[in-house]
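Both complexes shown next keep subunit A, but they swap its partner, so subunit B is in the first and subunit C is in the second.
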Partner chain A sequence: MNERNDSSLANAKPALWKNPYLGFILFGLLISTLPLFAGWGLMKNSTLNYIGSVLVYTVAALGLNLLLGYAGLISLGTAGFMGLGSYIAAYVTKDMGMSFWAAAAAAVLIPTLIGLLIGLVSLRIEGIYLAIATLCVSEILLKSFEQADSITGGMQGKSVSYPVIFGHTFNRSTTYLLLVVVLTLVMILTHNFVNGHKGRALHAMRGSEVAAQAMGVNLLQYRLIAFSLATAYSALSGVLYVFFVKFSYPSVWNLTLSLLVLAAVVIGGLRSIYGTVVGAFVVWAVPDLILKNIPVLGRINGLPYIFNGILIILVVMFAPQGISGLWQAKFARKKKERENGKEAE
Partner chain B sequence: MSNELGTILQLFMRSLETGSVYALAALGIIIIYRTSNIVHFAQGSLGMFNTFVVTYVFLSFRLPLWASTLCGVAAAIATGFLVDFLIIRHTKKVSPLAKQIITLGLIMVFLGLAPMLFGVDPLSLPRFLQSGDFSLGIAAISHNAVLNISLGLVLMGILFYVLQKTKMGLAVRTTASNEPVARLMGVPTRRVTLAAWALAGVLGCLSGVMIAPTTTVTTSLMDAVQVNALFGCVLGGFQTFYGPVLGAYIIGVGRNFLVYYVSSIWGEQIMYLLILIFLIFRPNGLIGTKFVKKV
Partner chain C sequence: MVNPHLPLAPETTTRTLSEGEALRVERLSISFGGLRAVDDLSFAVRKKEIFGLIGPNGAGKTTVFNCITQFYRPDEGSVFFSVWKNGTEEVVNLVGKPVHSIIGLGLVRTFQNVEVIQELSLLENVLIGAHIDFKATILEQAFKLPRARREERSFQKKAEEALTFLGIADRKNLPAGGQPYGVLKKVELARTLMANPRLIILDEPAAGLNDNETQDLVSIIRQIRDAYDCTILLVEHDMRLVMGVCDRICAISFGKFLACDVPEEIKRNKLVQEAYLGEEEA
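For the complex of A and B:
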């Protein structure tokens, strides 16, 4: 897990390990074996469901990480856009009877366009307005999910069946594999984006907005790019959610979900792809799979929220780079110790 | 015709009541923003938590409502102190963005604490004045609404008087305008910030107690208040103390009229859309001036 990003560590490895894609693909292969364990009875099916939804949320968190980590902007509309994506995907496949691909395309494009519009309005002003504007939009969306019965099924929610892709009807384990494949692709895409020339401009912006501007980086344009990507990722995550969980309720897409996605990004570590994955596991899987099973403590209402809330505050106060930062610091220290040891010899 | 006028007047009175709830919450947000440079996303959650305290004391110990509310106010001061003492005070070196993330974390903490301490069942809180209407000829307004409106106005009047006319208010305003310089000049900025968090907590608690009788006391009690109070701040601009209050009243009035005259289902969404459109033309709010960032 440590061979990415940190170039000093990567240099120590054989050339093959320098290829960052290999890490992502290995990671994908690793988590795609989990249904086997469930099949052998070593893991509960419900655990697999939890892990599947963590993967779904990770996609949204990766998008928010681009926005927060590089553009330094908060979006509180993650859940709203996820919901929008899920309802569009459900409507296109179920009510319009169109294919999975059409549904996925529509469900990602429409929210992204809306996101672009909101970005155009709110990004011209100092940073904080995006958070408020997206909060506003997610309120509008949430209310609309509840009211627009004919499309969203209102409070009863909307159900879909597992996707049919290339004439092959998916079941739960194959849909899980679909999640893994999409997540791996998204990770590779994010890696490429961040290390491409647009990513470099974002890096420059992060260092100093004024300096980046002087170097010819159009701030509005790059903020918009980051925000549209975050929106597109959330919408994609919504699509995956609806096909994996097979249901979409308005109550799922509330502010709390947006906050949890933010928590995953902050706890995992800004600008770290693996960190985000770990953050998502901490935020969703730890409360559901571990905390709930602790005897007395597990029965306390609201424990997951307290856990995540306190964790966010602690991370911001004491470890601003999150888990990935702690991890890297540990390796940097070890390396230093090794070098010091050599010098002593 | 007079009937129509009556409806408008009635709506306006009701809007003033919701407006004061939003205005109190917005005032809490702006006080925190000005003194700690944080957009306080947890104002509603703190208010929700302290309203739970009021409801719990009222239902379990059978205290009168005013006494329960005083308990809530005390709890609000305590939570405000705690938040500043344990967290905000130690974030001097943290970026404004990270401070906002802290308030988002606070939302989750209180969202979890409320069901942990007070259970998951929705509770209900009665109004201060159970019955009675003032008749204004063509419109009527309940005694309780009058109480809420006047309580809001009186509280805000006192606060603005303190802010503008007293030495304490001067300390707050100097902290708001430049915290490091204020500290160098001998203003006890730590105490100002501490007081600001307590005050914001109290304002949140009071707005919670006012809104609670119209619905049930659950963790989502203050969601709408928080959102509308934030938009009040955006509408009024973050640069003055009175702008957000004005913005909150405008939202209260606008919302009720849109819900009544345009659409009961889509009224609120239209209101939010209008605010977004307003932001295009006046990004710094009604009373805002452009904030120029110096390098």
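For the complex of A and C:
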């Protein structure tokens, strides 16, 4: 399989740079090979679980990046909508006995509609007030998860089994592959969206509200679009979570998760799809997979929070465009050097 | 407010646009706190005209623009504008219309401090000007269905034409952040051209430009009017530009109408001279 990839890569060299999908697909293929390593015993199964949940969180982070990076709006309600998606998916498959597709559709659409309604009320405010409004919504949802025993299982949480799709019962590795496929698709769709006219409208709204309005962008409409999309991504992330982890507890969907999603977006880089993936790996995988294994230091309680806190400070101070910004700056410098070189000739 | 000049309610819009007029500002007033920024101002812009609005600092020129484009709601008065609807000409009153609907009527503006999106390339910035003409839905766009591709292609071509027209096509893929001010001014101009405008409002197009660039601007503004067959209304401090490019000029001071005439007459007008230089000492 590797050989075939290599040869097609060599043939498609000029197109590789032209076609943005190829990058996303290669990325998807790359991370989809990880279960093989686990199968060969080169990687612990728990590692695969960590990486799988990073992929899940990445979907929510991409949604928040649309909202924060492109539209310039902030939300602290990510976790609430993720939880809502996960519980609806669990309830529809387990209690109602319906298919995976019905569950996924309901679990994405219902939170999106709720998000739309909340957006209609709250998107007339901006900045910190919007953050507080979304935080309130998230906390209300969290309390509801704890109280609505009959649907959410209350504090005991709700369990589901791996999904059954087209009569095929998934196991951990195949569910992991499902995550990879969904994430890759989401990355491609997000890429298309932000590079089209609606993405540009979001850019305009963030960059200059007056210019956006003068060019015919209806601010409330586009805030709603960004907010609903972020909600839909969160809900989808919740669906993926519950089918991969097979459990949904109220304690997962708290403010800390919303803040970590925010951290992933900021550290990875606003308005960067790959940056968001990298940010999610830094925020969730690095503390669990690497820092914990460091002697002495790894035993500090709350180490992930210290690590992420320091990282955010460093990023805000020295690299406001996040990790992807550093990468792009390096790329731009090289290009400039090349051009200067050309001019000198 | 009792208005001695106008006994009828302003709703009786019998006086809208005369033949050959593109825009008429009628008895426009707006106050901020106690300050009357625009005071009972009326003027009309003829079709295919390059019309200048001048006045000393703080005369309320930009406020007039903001009232026309509905960024501000005027307290009183009307703004009549001629639009094309299904092949026939119609007159609409802009006052009270949502800001984002104005461009759809064929009225586009630039801003005093260039309002471009730093993170986008010049081409993408210009494409924002075609926003209202994109019809593809979110899903069509996310899945790059034929209509979304077709639109993107055709508007990109149009944007490239606009950039070529203004002579900055070679920079089209560079990010707007870091481009010289003169280039960004042109990007804003190109952006207005994307909307097939009937009237372009330029808010201090020469501000921050050097002498050569200002000279260029005179011919650019004329070329835009001729090539895109539209009317141009501009506010400008640079008198050489205003006198050089405008067909007619309206002078205001402290929000009030002073004079409206051809440039030579405006230069000679006593009221205008006083407003600019202060009253002659007795």
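Here is the rule we use: the second predicted complex is superposed on the first by the 321 of 345 C-alpha atoms of A that agree within 3 Å, B and C clash if a C-alpha of one lies under 4 Å from a C-alpha of the other, contacts with A are read in each partner's own complex, and residues count from 1 in each chain.
Here is the rule we go by: a contact is a pair of C-beta atoms (placed from the backbone, for glycine too) under 8 Å apart; a residue touches a chain by one contact, two chains touch by 3 or more.
What you see is a predicted model, and the numbers here were worked out from it, not measured in a lab.
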item: Joint occupancy of subunit A by subunit B and subunit C, clash or fit; value: fit
item: Vertex subunit A; arms to subunit B and subunit C (CA centroids, nearest 10 degrees); value: 80
item: First, second, both or neither for A:H203, with subunit B first and subunit C second; value: second
item: Which of subunit B and subunit C A:R271 touches, first, second, both or neither; value: second
item: First (subunit B), second (subunit C), both or neither touched by A:I128; value: first
item: Which superposed partner A:I114 touches (first subunit B, second subunit C, both, neither); value: neither
item: Partner chain in contact with A:A232 - subunit B first, subunit C second, else both or neither; value: neither
item: Which superposed partner A:Q213 touches (first subunit B, second subunit C, both, neither); value: second
item: Chain touching more of subunit A, residue-wise (subunit B, subunit C); value: B
item: Touched partner set for A:C136, first subunit B, second subunit C, both or neither; value: first
item: Gap in Å between nearest CA atoms once subunit C and subunit B share a frame through chain A; value: 9
item: Footprint overlap on subunit A, comparing subunit B with subunit C; value: 210
item: Residues of subunit B that touch subunit A when the two form their complex; value: 39, 41, 87, 90-91, 94, 96-102, 104-116, 119-120, 220, 223, 227, 230-231, 234, 265-266, 268-269, 272-273, 275-277, 279-280, 283-284, 291, 293, 295
item: Residues of subunit C that touch subunit A when the two form their complex; value: 69, 71, 98-104, 108-109, 111, 115-120, 124, 127-132, 134, 136, 138, 141-144, 148, 151-152, 155, 191, 195
item: Of subunit A, residues touching subunit B in the complex; value: 68, 72, 74, 118, 121-122, 124-129, 131-133, 135-137, 139-140, 143-144, 147, 210, 254-256, 259-260, 262-263, 266, 300-313, 316-317, 320
item: Interfacial residue positions of subunit A with respect to subunit C in the complex; value: 189-190, 192-193, 196-201, 203-204, 206-208, 210-219, 225, 271
